[in-house]
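For reference, the structures are reproduced in the following blocks.
Presented sequentially are two complexes of chain A, the first with chain B as partner and the second with chain C.
And now, the complex of A and B:
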């Protein structure tokens, strides 16, 4: 982070004398207030070249690697702290050990996060000094706060990790407090960086020429800041869970003893539940973010989901399909750990059917890729029956249904090893079934009626009904499930380790899918700015100011995914070494 | 029934189901979509059938025994001949030279600019509204008159491509690629604001943005042939005739 301070200090800050003499704008009514410059109009010579490196590619790659690692290392402490608290509350030392092992996996990644962050910063300063200069002139104070928080986070992390064994007994609460500080610092860091990124998409606190009004909060609290904060926070938790789940799978598959398999099976289960808990609300947060993009700029919104970038959403649909199928498969395999699994195995095929149909709807493009003969047969660009499935109401309906059915898989998993003890258990189950059915009917009717037979105001609003229905199912059925299993006796312990190897590959697939998905969607989010460094304020006049083809973008992200996963594998190997040393 | 046979039958049934629209209703599901549908069907079926240990064993065992069991030599040889031939045929069919041009990845919704120039002035899209929309409630007779005039303008200028039923099947439609947009249904103009539709009418194919091209649109820039008032009347007509409401923001 010293590097950050050095780089910030080395970036030429725009002042009247250095850049736009005679064009300085003083804040009205404050003669002594600092003057701020309009966003510079850049020329080709404002973009330095160095070592034959493609500037956009260098920044893209560095930013992507940094984001992947940062998402991982910010997420892990969140659920490590929760698991540690569960351990403190229940007195079960296994949770404490599990939390410690999770944290160890992320520790090496923390260093790499800092390295990739430095690489990103250097590449930005080297290749886009004028852009950085403008951003520093607005966000300089937040960048210093960022550096300070990084020191706090690093200190808290090292105390949290290395003090784990020492801070026990009366010190345990202090240790939890350090974990809290670590998370507060990490989350604040992300929020600050989000402000810079979202300002570039939906600038605020500046006028049409980019002249800053002097209030940093205005620039920070821009249109997309909060939707982005929420979306990234939830996505990070899901992503962190998936990476740790992949670690558990890696260790499970390389385990030599039944005891080891049991331990890593349990670890993988915990991690996957964290990932699934993050995955379920993620579409809602994504929908909010997208709706806010549309509300800020119809142009950006249409570019995002109706224009050429929409094809990446089709890929996204397929990858999310893989994610949900893998998560469900893991739960179905997990049911076999329990003694009562056979009672529920028959339901698997129906859940799989609903998921497959939902994914088909989720995937269907409004304007499919047509061979000329197909276009001639259809007489146009749209398939008369499938085109309506390409609209958001159909997608919203499909995603809500698949979330509900994924939750059903989870309920069945929970029941695979216990039988209800209360007398009204049958009534409770009937109530759950009624809630499921009513919610699905509500979701489908809201999607079809409001989505296709009313005007668009109701169409967008109907998504709220659908989300509310889904959340109601999850909350109400969880409460009923808890009540009907109060005092239930478990049919022996779960057979940890009794999982087919295929289930572990499902965990690895979840992590790979998440990584790829983040890369693709991250590109899309950034690409909708088009030829603007700061949307509608500061134009990108570099030779790279064009939207790359979908194929090129997919190749860059795919190569990045492979590199990232190779490094993650290396980290797993290091963590394995650390564990052996501990033993 | 062995699980692998059951699996094969399910996939064949799904494939036949997906071919029905094309075979019986001349509405083929495009190959690009059908292949992904099939992929989902294969994966979901495979996962559902192998989620239990018994299921996985039941699925894999016949395959393993086909290669390990000496008594199945004849069946093994048949499979080892048929599978490579099928793979070779699929590869050949995919790669053989064809006269048909390849499918083009198109984006259907061009991103509108923040502002555009037409009728001698710069028009901000965000603040652009249909001058006749308010009269729909306030002065219905004026609104009906605008719709009627819009209909006349439409049938003098637009219906040759967009069709008498506004279904995109006009006289010239078959000769155009991409085909003219249909206005019926809830998935085209119902999803768009009127300001967007006005921009498309005024600027046509020549006014499409650079990104997302090549658009290959034959739509003329109607600002050269219609007055601004006439363009709005046409927009009003196509919404009214198809029963669609323009996209709008919640108040």
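And now, the complex of A and C:
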């Protein structure tokens, strides 16, 4: 943090004498108000040269590593606090032990997050001083707040971790309060950083030349700030669950005794449920973010979804399809822990079929890869039947159906070890089936009608109906499920540890896929600014201002993922050493 | 093989599969380089025909018009016959803008797109189209006239947008 403060203070703040700037502009009617400069108009020679180092690649790599670690250290406390609260609520000490175990695992990651953050800051200041100068001239005060919050977060973390064993009994609630403070500080840090990056995409509080109006809140509360905050928060919850799940899976596979396997099976289950709970609403948050991008700038939206970058979303569909299939596979394997699993095994093939069909719809590109001869044989660039599946209404329909059927897998899992005790259970189940069917019909009809039989204006409207239907299914069926099973007796204990090894690889696949996907989506978020440091305000005239190919971006992300996961493995290994010492 | 190696190998295979998918199954399209920053300078006087071709280059390039106004996307209305339709629109009772002739309507559509929204392409009074004067498009007056000349030429009507004089920007 000292480095952050030093770097901020060393960045040349834009003043009227700045070499880059034009005329200073003072605020109207406030003679003594500070003058703000237009955004610098840079030339290629204004970018510092660094022999042998590609500036964009250096910043990209440092930013990506920092984002992964930051997501990890923000996600784990959310996960830990949820688990600790569940432990307090249920009185089950296993949850407390699980939460503590994982907080310990993440401690080393905090140091590495600070190191990668320092590397990012240094690379930005060295390679893009004028950009940093402009951003500091607007966001300087928030950067100081960021540093302050970092100290608050660090203090809360130390008290939370080292006070775990001491703050018990009457002090437990205070300990939960410290956990809340830790999460509030961490989430606030993320929100502040989000303001900087979203300002670069959808600048606010500045005029067409980039002259700041002096009100920091205007710049912070820009068009994409809230959608980005929500999307990243939910993604962090899912990501935290997935990483903990992968850790549990690895420990499960390495376990020597049945007791150990049982413990890590339970840990993997708990983590995966949190990950899936985050995964289900994530597409909705992503959809809101994308809709707001279109709302801000049609060109930016089209560059995102309709140009070269659109192929990234086919890759995204493949990865998210893999995530959903892996999550469902894990739930189906998990059903076998319960005594009543046989009742529901027959449904699995139908769920798998629906998921596979939905996945293929989501995966269908609008513009297929065709050689000229193939295009001639087809009669055009678009297949007459498959082309409609390449449009967003079809994909929205597919993803909503996938979410609903994943939720169905979860319901069946919950029923695999208990039978309802209330008299009206059959009516309740019939009501659930009716809600499922009505929602699916609603989603498909809305997607087809609004997507293909009305004009462009109403295409977006269909997605609102679809999302509402899906959310209604999840909420209404969860409530009914809870009421049906009130007082239900479980058919013996779950057979923890009885999972096949393949199910654990599903958990590892989820964590690896999540990490890779975060990298890819981080690239596309940044790439839609194209040749602008700050979109439409401050142009990027460096030699690296071009948009790289999709394959190149995927290679950079893949290398980053390997490095990141290698460090995470090292962190897990360190945590194991500490655990053995404690034992 | 130890579990550690199996897990590492599995992770590498997953990452490699995604990278290979991106490299093999997506088209290897190299995105266009950023457009030149300078406004298009007109060094010498142009004929009407040259001016329309100049506008066509802007239409597909710096102006980014074809990004939305294309048959495949259906995101914005076709401009193939807009110079003909414009003459009808300005005398329509639904038209609330201030243009008095077709060329003025085209100019108004670029600088104040919400003045008239073609039915089906946005709510009345709130066009999704951005004004073309502002960044990231940033057309100047000569360039906007060039686009009008191109649209008039494409529709087969008389080109009334005046070509620039030598040295004009």
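Note that the second predicted complex is superposed on the first by the 578 of 583 C-alpha atoms of A that agree within 3 Å, B and C clash if a C-alpha of one lies under 4 Å from a C-alpha of the other, contacts with A are read in each partner's own complex, and residues count from 1 in each chain.
The rule is simple: a residue touches a chain if its C-beta (ideal position, glycine included) is under 8 Å from a C-beta of that chain, and two chains touch if they have at least 3 such contacts.
For clarity, every value in this text was computed on a predicted model and none was experimentally measured.
When the two complexes are overlaid on their common chain A, residue A:535 makes contact with chain C while staying clear of chain B.
When the two complexes are overlaid on their common chain A, residue A:336 makes contact with chain B while staying clear of chain C.
After overlaying the two complexes on the shared chain, residue contacts for A:299 are found with chain B and with chain C alike.
Within the superposed three-chain arrangement, the count of touched residues of chain A is higher for B, of the candidates chain B and chain C.
Of the two partner chains placed by the overlay, chain B and chain C both lie in contact with A:550.
Once chain A of one complex is fitted onto chain A of the other, the partner contacts of A:502 are limited to chain B, with no touch recorded for chain C. When the two complexes are overlaid on their common chain A, residue A:168 makes contact with neither chain B nor chain C. In the superposition on chain A, A:308 makes contact with both chain B and chain C.
Legend: residue contacts after superposition of the two complexes on their common chain; A:318 is shown touching both chain B and chain C. When both complexes are overlaid on chain A, the residue A:208 reaches chain C alone and has no touch with chain B. In the superposition on chain A, the residues of chain A contacted by chain B and by chain C overlap at 297-299, 302-303, 306-308, 311, 318, 369, 455-457, 530, 536, 546-547, 550. Those residues of chain A whose C-beta lies close enough to touch chain C in the complex are 208, 250, 253-254, 294, 297-299, 302-303, 306-308, 311, 314-315, 318-319, 369, 455-457, 505, 508-509, 512-513, 516, 530-532, 535-537, 539-541, 545-551, 553-555, 557-558, 561-562, 565, 569. Against chain A, in their complex, chain B makes its touches with residues 21-22, 26-33, 36-37, 40-41, 43-45, 47-53, 56, 100-103, 105-114, 125-126, 168-169, 173-174, 177-182, 185-188, 190-191, 193, 196, 211-212, 245-250.
On the side of chain C, the complex with chain A involves touching residues 3-4, 6-8, 10-12, 14-16, 18-19, 21-23, 25-31, 33-35, 37, 64, 67-68, 73-75, 119-123, 128-130, 134-137. Listed in rising order, the residues of chain A touching chain B in the complex are 295, 297-300, 302-303, 306-311, 318, 321-322, 325, 328-329, 332-333, 335-336, 341, 345, 348-349, 351-353, 355-356, 359-360, 363-388, 390-391, 452-457, 460-461, 500, 502, 530, 536, 546-547, 550.
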